[in-house]
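In the two complexes that follow, subunit A is the common piece, with subunit B as its partner first and subunit C second.
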Partner chain A sequence: MSTIEAIQAPRSRYFFEALAPGGRRAFFLLGTVATCLLFAFPVFWLVLTSLRPGYAVYYVHRGSDFTLDNFREVLSQEIVLKALWNSFAIATLATVLSLGVTATSGYMLSRFRGTIPTAWFGAIYVFRCVPYVSWVLPLYFVTRAMGIFDTYWGLLLPHVAVHICFFSWIMKGFFDGIDPSMEYAAMIDGCSRWGAFLRVALPAAVPGLTALAVLCWLYTWNEFLFALILTAQNTPILTVVMAQFVHELGMEWHLMSATAVLALGPALIVTIFGQKYVIRGLKI
Partner chain B sequence: MAGVANPMAGFRLVAVDEKKRFMLALIAPAVLVLVFFQILPILTGANASFRDWHLNDPKKTWIGLTNYAYVVRDREFLNVVLPNTFGFLAASVAASLIAGLMLALLLNRQFPGRWLVQTIVLLPLMVAPVIAAIMIRWMFNDQFGIVNVILEAFGIAPIAWLTQKWTAFFAILLTDVWLWTPWFALLLLAALQSLPPEPFEAAQIDAASAWRTFRYITLPMLRPVIVVCVVIRAIDAFRTFDIVWTISGGGPARATEVFSIYAYVEAFQFLNFGRGSAAAVLGAIIIVVFAMALYRLLNRWVEVSR
Partner chain C sequence: MAEVILTNVRKTYGAVVAVEDLSLSIADHEFVVFVGPSGCGKSTTLRMIAGLEDTTRGTISIGSRVVNGLQPKDRDIAMVFQNYALYQHMSVYDNLAFGLRNRRVPAAQIDAAVRHAARTLSIETLLERRPRQLSGGQQQRVALGRCIVRNPKVFLFDEPLSNLDAQLRGQMRLEIKELRQRVPTTSVFVTHDQVEAMTLGDRIVVMKDGLMQQVGSPLELYRRPVNRFVASFIGSPAMNFFDVHVTAVPMGFRLSADGIDLELPQRRFAGLGAHAGRAVTIGVRPQHLRLGCTQVDQVGLSGQVMVTEQLGDEQVLAVRVGAGDIRVAGIDPELSLPTGTRINVAVPMDNLHLFDAASGVAIR
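Presenting the complex of A and B:
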């Protein structure tokens, strides 16, 4: 094994030298550009489709008629506007609630040993594995029985339940990385346990919380299955409305694409401003 | 009982209680949400799986293990759904791990335009999976899709992608890898940036080649993060629903059905809620066992390699 590698290592160096001076750099550049193209192409195609008039949408690669009418038409539909607002509200509220609920639970997992943390960790690990289909179907009946079907709460709380397992796990990692001696010092100085958590540990975990907030917001904004099953006319959700353009109301690819591009806007803003916090904060 | 006799023991009892109360208060909100919106529905579903519960005719009579027996004997489930699910899981996780690792290594270097490349690579995270799936279906459309147009430009006959099993499977896999590679890249990049610089400096002084530095320094230090990512992603890949549903709907002729689609189809298209629930419960048991075994295995592998 090691002899093979010993032979291969210099050969790969010769390979780049044999190309040309700067061959390595050109190779690297080419690879980067190809990767970017591969990742950007479906999104580029989506934007292109959204700019084509309805009659030309089946031959996107031919002709050069471009128009903004699709966006105008989509934005004049009341259901799309309502769905934009609902999706935004649900994503934001779900982020706030999930972080609030899992910060405490992750802190507990990180700071204490014994039967309660072990049992809780086992529970979230098992429930994390349970497939969505096996609880989203009965969840329909459960939210109906509680009288919160097709309301904000009926979609919000199941979303929070989805996030609890994964986020508690990640939060535990954040708090593990924070030295608890500061909290002990605060408690010796007369802070209660809650005070030590809220005033010392929580502020130190803010970079991690920011990273999770960005991921949670994007996830909820883009979620489909729960929105499909747990909402109806009263609370339209953007992903469901989008999908309906190509399912029930005929194949209106141009309108679907225009709505999808609108949905991409907020997500793009969140990602551009959030990515540096995500990379800085996400250290499992 | 000792608490009365020994004042110190009483003090300790109170102290333990206060600590326990704090611990329980910390997890109380999470537990409440979990009980009402996950455990209660799961129990409802488990209850339904033992009953004759058709959505159009909910008799709800207790029929024992009949639903389970049907699913376990179903050839569709054994010969198509299970191999599809695990094949999809393995291929998707392996491909997106390798691609994500390569991207993370690329983004960990300094070069002009790095910020732009990073934003482009993270694009799939912003696109809703259902939209990505609709777009892929559109691009792989046999008459109007851009993929066939490009193939034709190279003189290759158009392929009816979504009406054959393996090409449809390929399209689904491609979507999944496209969607999840950035996720791996992000987590691995965060891990790479938190590695200590000293081992790399030592390797540089010893004139180690780039490959050997990666193989003997970077990879071993990244292993814990890779294990966590692979376990989480494998669990998620097992329950994939929306992209398969949108791209192929499990077709052609149920050939690309994965486990989630099977349960959904049994419950909502054949309207047999009891049987769908039984399939879901079986799937849950399979994945819980699988995830535990995987976690143990990967964990042991990490410790041995250390």
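Presenting the complex of A and C:
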């Protein structure tokens, strides 16, 4: 019995090694490549489609005619340009506003006790428990009633509200990780309570804030549902415009793909530049 | 002039009483140490002086000005925290300059003050570094520097040495003492380490459960503790205690328990009269016990050696007397005392401390 165990133990440890020399590394490499392909292939297909003329999108594997006409065409549509700008502006504004509020609200949740923080905590908790999809329809009526439907505010405010609910907790976590005696020292060194927050606690939370900013921006940029319901002709949003290439007369896959590739660009840039902050920020 | 006066200060957190009716007057340039076990309200007292906590009742004044309603920044104090609390995102130079910049001091003057403080604490070469790049002792110096650049009325220290290793702690203790001579300032120092309290303080305040137990110079506290708690807290190794029963005999008192039988003269221990027929606690410091037989004005105990601890310059014994163990310090390190050896120890009557067994109050 014991001999069998003795033989089996190393076997299972070096299972891949037993198949062939270097088997572990080969398997690891294979696994990595497979995973990358799994995620990269749709993007690759998307880019490919965007470079094919309209008649060839269903036969991507056949023929070799490539063209940039799709891009030329979507960029000549005013609505796409407007949507690009709107999406960028909304994502950026939502990020700035959300972070401004979440930083203070997270700080309050982390440092203060009392009725107001408790009530605020409760409110956020309740809002978080409700699926965010269920807010869309009520928000539609609310924004209409307020006369901000199909404007920047009509989309910004709901976005900011959702971000506050989701990010206040994360922000509280960042501030929990920062030693409050630093702020006490600042208060003794001549800062007000507010000054201690702005000049000492906030700079110390910058890695976390940057990570949240990146996530927040990407989230808003990619968001579809709010944009679909809460905007119409006046404020086109890229994700919605993209979907509109599917219409009663058919699907313009090539144009849709071209728009998607355009949308991918900024997101890719933010991801690449932001990933090191995200990793560093979420580590603390 | 910056004396700090606490009058009937009380602090509660909900039902928890952190500090109870504390009155204390700290003279200008005096160095007062608050000492006591964890949770006794030392930090709370300090934070009330700093203005980081409100008082529930009572007044605090600094330099003959009542500061109760004042913000910490308006109290002209400086504080060193247990974990140094340096501003992590600033260089050492900016850490030191921060307080002065907040007070809109001209840049040239700030520079001079920072460099002077850095020289005083020998951290001139570290000015460009971030706190993260410093050792614990260096961070501690920066924290001290941040206090002295501002030239405040009062220094407050909240266990500043407890994060350092034993050797560095000893060294920083000396440096703080030296700093006191160069920069004489009213100081309040909180610690739970009685050695720090004894070595640093002009006066020591012993606290327990939010209540001030005794205030006095280190020697007063060592020689005349007002109760059993203070007696056990001050001094190392800790004082030995044993409970005995008092009976009045002609010209004196007999104190007896299992394995103990002492006779004390009436004229020196008159206070025991009220306790005849009751239980009292005897306290004897390990350092005051001597090996050998009883001489004039001494009382003796006998027991069995249980454990010896060799410290190089002395041995510390644990001796079983009756049912309990007592510690005997200052034994010749060359002396060989195997376990089980029967020995006699004697103690001068002057070094006996007597406490009411129930309340722990000293009997004088």
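We adopt the following convention: the second predicted complex is superposed on the first by the 265 of 284 C-alpha atoms of A that agree within 3 Å, B and C clash if a C-alpha of one lies under 4 Å from a C-alpha of the other, contacts with A are read in each partner's own complex, and residues count from 1 in each chain.
The rule we apply is simple: a residue touches a chain if its C-beta (ideal position, glycine included) is under 8 Å from a C-beta of that chain, and two chains touch if they have at least 3 such contacts.
Please read these numbers as outputs of a predicted model, since none were measured by experiment.
Visitor: Look at the residues of subunit A and decide whether subunit B or subunit C touches more of them.
Guide: So, of the two partners, B touches more residues of subunit A.
Visitor: Which partner does A:A34 reach: the first (subunit B), the second (subunit C), both, or neither?
Guide: In the superposition, A:A34 contacts neither subunit B nor subunit C.
Visitor: Per the contact definition in the header, classify A:L81: touching subunit B only (first), subunit C only (second), both, or neither.
Guide: After superposing on A, A:L81 lies clear of both subunit B and subunit C.
Visitor: Classify the contacts of A:M108 with the two partner chains as first (subunit B alone), second (subunit C alone), both, or neither.
Guide: A:M108: touches subunit B, not subunit C.
Visitor: Who does A:A204 touch here: subunit B (first), subunit C (second), both, or neither?
Guide: In the superposition, A:A204 touches subunit C alone.
Visitor: Using the superposition on chain A described above, determine whether A:A186 touches subunit B (first), subunit C (second), both, or neither.
Guide: So A:A186 only meets subunit C here.
Visitor: Figure out whether A:V126 sits in contact with subunit B (first) or subunit C (second), or with both, or with neither.
Guide: In the superposition, A:V126 touches subunit B alone.
Visitor: A:A232 in the overlay: touching subunit B, subunit C, both, or neither? Say first, second, both or neither.
Guide: neither
Visitor: So which positions on subunit A get touched by both subunit B and subunit C?
Guide: Residues common to the subunit A contacts of subunit C and of subunit B do not exist here, since the sets are disjoint.
Visitor: Which residues of subunit A touch subunit C once you look at their complex with the stated criterion?
Guide: Residues 179, 181-182, 184-192, 195, 200, 203-204, 206.
Visitor: Spell out the part of subunit B that touches subunit A in their complex, as residue ranges.
Guide: Per the touch definition, subunit B meets subunit A at residues 19-20, 22-27, 29-31, 33-34, 36-42, 44-45, 48, 103, 106, 111, 117-132, 134-136, 138-139, 143-144, 146, 149, 178, 182, 186-187, 189-191, 193-194, 209, 211-212, 215, 224-225, 228, 232, 235, 238-239, 241-242, 246, 259-260, 263-264, 267-268, 273, 276-277, 280-281, 283-284, 287-288, 291.
Visitor: Show which residues of subunit A lie in contact with subunit B when the two form their complex.
Guide: Per the touch definition, subunit A meets subunit B at residues 5, 8-10, 12-13, 31-32, 35-36, 39-40, 42-43, 45-46, 49, 58-61, 100-102, 104-105, 107-108, 112, 116-117, 120, 123-139, 141-142, 146, 157-158, 160-161, 164, 166, 168, 193-194, 197, 218, 221-225, 239, 242-243, 246, 253, 256, 260, 263-264, 267-268, 270-272, 275, 278-284.
Visitor: Residues of subunit C touching subunit A in their complex?
Guide: Residue list for subunit C touching subunit A: 50-52, 71-73, 75, 77-79, 81-83, 85-89, 98-99, 102-103, 146, 150.
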